[in-house]
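Okay, got some structures for you below.
In what follows, chain A forms one complex with chain B and a second complex with chain C.
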Partner chain A sequence: MKKYLRNLFNALACFLIVIILNFALPRLLPGDPVAYLTGFAEEEMTGAQVEHYRSALHLDESLPRQFARYLRSLLDGTLGYSYKKEAPVSSLIRGRIGYTLQITLPAVVLSAMIGLFWGLHCGYRKDSPGDRFSNALLIVLNTVPSFLIALVLIIALCFRRRIFPYTGVSSAGMAPGVPGFLADRLLHLALPVFTLTLAAAPSRYLLMRNTAARIADEKYVLYAKQRGLSPKRIQFSYMLKNIAQPFITMLGMSVSLCIGGSLVIENIFSIGGMGKLLTDAVYTLDYPLMQGILFVTTLIMVISIIATDLLCIAIDPKVRLGESHA
Partner chain B sequence: MKKKVLAMLLVLILAFSFAACAKKGQTAPATTPETTDAAKPAETKPADAQPAVPAPEPVDTSIDQIVIGTTAAIETAINGEYAYDMLSSGTTQPPLVWQDVDGNYHPLLAEFETADAKTWTYTIVEGMKWDDGTPVTAEDILFTLEYEDENGSANLKEQTDSEGKVTQAKYAGYELSADKRSIALTLASPNVRELGNMTSFRVLPKHIYEGKSTLTEAEQRFGCGPFVFESFSRDSGTITFVRSETYPQPANVKKLVYQLFDNEDTMYMALSSGDIDMVWAYSTGIAGTYQEVLASGDAVRLISVNATNAPAVLAFNNAAGPFADENLRHAVALALNYDDFRTYVGSPTADIPNAGFVPTSTVGYKQTEKLKTDIAAAEKYMEAAGYTKNEAGKFVSSDGAPFTFTLTFRSDRPNQVSCAELIKTAIDAFGGEVILDGLDSASYNAKTSNKFSENNITMEAALFGYTSAGMGMGNGLGTIYVDGRHAVQGGCQVYDEQFQTILAAMGAAKTPEEYNAAAGDMQDFYAEHTPLIGLYWDSLTYGISARFENITVDNAFGLNNVNNWITITEK
Partner chain C sequence: MRKRSLSALILGLILLAAFLLAALFPTLFTSHELKQAFPAWLPPSHIHPLGTNALGYDIFTELVYGTRDTLFIGVMSSIMTLVLGALFGTLAAERGAIGSAANAVINVFVLLPRLITLIVLSSFLGSSQWNLIALIAVFSWVGTARAVRAQVIHLSAHPFIENCVIQGYHRGHIVLRHLLPNLSDILLSRFLLGVNSCIMMESTLSFLGFGDLYHPTWGTMINFAYKRGAFLRQAYNYLVTPGICIMLLSLSFYFISMYVSARRESIGE
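What follows is the complex of A and B.
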């Protein structure tokens, strides 16, 4: 239990550090904080502009008051203002995050399931021809960049075989309530999700396979085999319980990693999600927007870590019942 | 049992994530999209049919739908968003006039006439109506000029910026006709090329905008063109327009769908495969690398037109920094390798520019010497500027400072990135040093334009891409980018008396002959003083499905223009 409480504390501490760094960095770095907080270069602004932004950003107030304002903007959800896009950061993120989650959540679940079942299976039968083939295949796939996977799939499944659409998340004219909307949405999401799944699955597979292979020679596994239990029962009733924790932890971490990974996929499939927003922010040096995205990504990551730790506590009897009962 | 529970759990998670994430589109069109196939011609009766048989119904040969792919960064699709304004100029917001590829002007929203190039009378074309049926009037033109003045333009009243700099009003006065169909606008000084400014002048509906501090999205999408805005869906990345039934000359296309792409590769694959019918980007043709691929198939027809834009310009800051010294401008111009720009950056039809800067199809063009590499001559200019070569082969001034300058460019423009690298390579080999300063658009504008820098242009040298409209604005020949007094542009920061005299002569010209004479002087000035140079000239190449014919190309808006939708037919 102590380990999980420590993890929880670490996650919250990291979150707090990100918040403080987000506030402090523009004010501590060399140069005028106005430049960092607006995204415009110092030498490109006139004195009048600098004064205007300094007042608008409350930089003429004391640091504690500025920090209080900053915390308030986090609590009320506005997350600052993008001077380059002329909109509150929260509204920009709110308008985009839904698209990203539609790709990343299914991809996280699917890649985790593939990694879990395939990895467990190959780890149990380690060094078999099937295991060797799977390892080689997924190690190679792990090295292929996601944009290449996406382009190959588009050429093969969109242009050569007219199976999937390749732009947006819906067809023109489709909206919630229109017959066929869900099927159309699923068809549009299929290829981006599949691409992201293919890109993410190898690492999950390798983790599960190696973890399973390590415990495949444990006495309790050998004993189960001797008892004549079926391989599936051994894998899912015996081995899975002992490797569930690293798997769940990896699942939690992969949510935020997938948000970053969807950047390329969104560009290729013309889906205007968080990846597109982050690209725009980096391209235009829109620091407030970058900070907002960093905050949201950190928040998602912290929530994921806390959720996975709670899940680990729930499924681990040693923790749940206390060491003495185990 | 456990497997079933696991499977159900999985399905539930997926269904939940879809349900949680699905959000409504921006605006849902009422109908589902039509097919991209054109309407099939109906069967017709033989010519000698009996009179007793009722006459056949008129055959509608209109094209059902044209899908246009674009990488334009449109986020709101409302008037005032630059990329959307350029797109809607070909659908819902026709400018007052249009210019064909030969440089001739024609009425679009308004007829035009002038007797002295100073007073221009615009008369709204008969039958022009707003989307709600209200007639378009000359009062709308006047309202638009006044509305722009409220937002910083200097049309009818002079503007003073925060530093006290005054921009004189463009017009000295106006007169509305009694029937409100005509307005006579009197310029502060004559301009024979005034129509060039009107190819991008879109009119706002006075009856919608007047007296309102905020407008709804629908109001900001109001138009008077041959199409009516139907929907913008961020989910599908489409903007849809349907044919207006009130436009005097109906379009031959029932529906236009603009498909927004983030990725050019996917867009051109879609064009090759026939999923989209054409591609469009304002003032930009298809890049040379894609042209060769598209030309290899039969599905796409490529149309090349002589361009009056300047796709890559090296502009010097003539007022401050190293290039205030004319010798250094000449030296750099002579040290560059123009074959490289043409070969590696331009399309297969690209050409080496003249020292007179403007492309051959520009009104008032004059033949000047072609730009060329001449290292010996460049070295002489360096000597004249006080630089000598040291043992390392680098130019240094008398106090030992190396010849170095910062080159500002847009890092999101591939052709500027390529040109910047080629310039750096050439100048490094010549004995100088170039510091590359790639910027996003906002930061770039804040360093290179009078308006966005609030008259604090800090670039030493910068790469630009001037559109056709931009080249023609003001007195033309790209002078708005050269003239340091220009309220918006003025990147070259030229305040030279000779330049201002020639500019005034261009502005005072009352006949095309007078204008051409002054324009010739301006090109001689460019050649003699090198305030800026073109790096390559290029034709603009557009791509459209080979199933279409009778295509009209607009000099400013390419294939996406009102007339094209009226003339275009299917083979």
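What follows is the complex of A and C.
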């Protein structure tokens, strides 16, 4: 129980640090904070404009009051205003985040499942030829950058053989409600999701395989083998229970990993998700938008860590039955 | 085990030596100049093993000259990672306020979404080569710190450290003269793996176009290739070969680290 509380505390501390970083960066760096918070260059603005923005952004107030205003903008969900795109940051992100999640969530689930089942299988038979082979294979795959996977897949499956579309999430003229929309969307999402899964699976696999390999030496596994239980039974009803917690914790961590990976993949497949929004923001020096995206990603990460911690507590028999029984 | 890890070491060293040679003496590998212009988009031939790019530069030459900056960023940021990791790791193993503060810092840095924080910070601070190296190091030291912390706690229970404590040596003296030398194995293997993750991070940033354009690395090359229409020209090797080089370089470090960890295990036995 204490462990989970500490995890929770760490996640909140991390969240707080990102908030403070977001607030402090434009105000501490050399240069006028007005330039950072609007994204316009200092020399291109007239004095009147600078004054207008300074009062619009409340930069003439004291720092604690500015921080209070910043916190309020986070709480009411506007996350500041992007002067480059002339819209509140939250509405920009809300329009895009759906696409990012459509790629990220399937990839998180798929890569975790591959990691769990394959890792369990190989960890149980550790040092067998099959285990060695899949270890070597996934170690090599682990060193391949995700953009290389994406480029090779595009070249092989989109250009050489025209099986998959290579850009966007929908064909022209497709909208929700048009027949075939779902099939079309799935066809568009197949390659990005596959790429992200391939990029995330090796590290998940190695983690689960090593956990399972350590457990395979335990005496209860030996006893189960001696009783003549089938390997499937041992793996799924004996070992799975004992690696469930590291697996769930890993699941929470892979959400933030995959959102990072989705950044690269959205750019390659020209999908207008949050990653594309971030690269656009960086190219146009739209600082409020960048900060908003950093905030939202951290929020997603904190939520996924809290959720997986709660799940861990829920399935932990020590907590469920009370510590005294353990 | 012994034989297999030795062959991994030899393979890794051969690969690494090839890349080091390319980084130090690029002229050994290619007779063209870096900015020597040929007709654009030439297909691969024996003069241009990988063809030429949109500006008419020889792709293979670019690849050879990019080795130096890729390796430099990877190695430098990994060294900084090592220093930060050793510092925070030993601090976190201390008892009292310092230890729990260092632990808290480690736990927070574990959770930060690395890539996105890096991108936002690099656009605020500017993405010169040294900025990139520092930023990558600042967001990569956590794993090293955790390993160092575990090892320091493990070593502190050994009689020779207890002996030092009983003899009344100063804590700083014990850490510097007795603990740190015993961390060399861990630090070496973390350094080798750290080079990998730093190179991966740098190439991802450069691929997205956030790298240092004055020091083009392999990631920058792929970014250019992608932006300048290598897909439409079907110059696939322009897109793929820098990525394969990143993979081979990572593998070479990985092989060497495999040998190091196998050696440590066999000494432990």
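We take it that the second predicted complex is superposed on the first by the 316 of 326 C-alpha atoms of A that agree within 3 Å, B and C clash if a C-alpha of one lies under 4 Å from a C-alpha of the other, contacts with A are read in each partner's own complex, and residues count from 1 in each chain.
Everything below uses one rule, namely that a contact is a pair of C-beta atoms (placed from the backbone, for glycine too) under 8 Å apart; a residue touches a chain by one contact, two chains touch by 3 or more.
All figures in this text were calculated on a predicted structure; none of them were measured in a lab.
Residue contacts after overlaying the shared chain place A:238 against neither chain B nor chain C.
Look at A:285: by the touch rule set out above, it reaches both chain B and chain C. Looking at the shared chain after the overlay, A:4 reaches neither chain B nor chain C. After overlaying the two complexes on the shared chain, residue contacts for A:151 are found with chain B and with chain C alike.
Using the contact criterion defined above for the overlaid structures, shared-chain residue A:18 touches chain C, although it does not reach chain B.
In the superposition on chain A, A:298 makes contact with chain C only, not with chain B. In the overlay built on the shared chain, the residue A:263 is in contact with chain C alone; chain B does not reach it.
With both structures placed on the common chain, the touch criterion links A:168 to chain B but leaves chain C unconnected. When the two complexes are overlaid on their common chain A, residue A:117 makes contact with neither chain B nor chain C.
Taken together, the two structures place residues 151, 154-155, 159, 267-268, 283, 285 of chain A in contact with chain B in one case and with chain C in the other. Chain A makes touch with chain B in their complex at residues 39-41, 43-46, 48-49, 84, 95, 98-99, 101-102, 105-106, 109, 113, 151, 154-155, 159, 166-178, 182, 185-186, 189, 236, 266-272, 276, 283-285.
Considering their complex, residues 104, 107-108, 110-117, 119-121, 123-125, 196, 200, 203-204, 207-210, 222, 226, 231, 234, 236, 239-240, 243-244, 246-247, 250-251, 254 of chain C touch chain A. On the chain A side of its complex with chain C, the touching residues are 6, 10-11, 13-14, 17-18, 25-26, 29, 36, 139-140, 143-148, 151-152, 154-155, 159, 256, 259-261, 263-264, 267-268, 278-279, 282-283, 285, 287, 290-291, 293-294, 297-298, 301-302, 305.
Considering their complex, residues 2, 10, 13-14, 17-18, 20-25, 28-29, 31-33, 162-163, 231, 233-238, 240, 257, 259-263, 265-266, 269-270, 273, 411-412, 440-443, 446-447, 453-456, 458 of chain B touch chain A.
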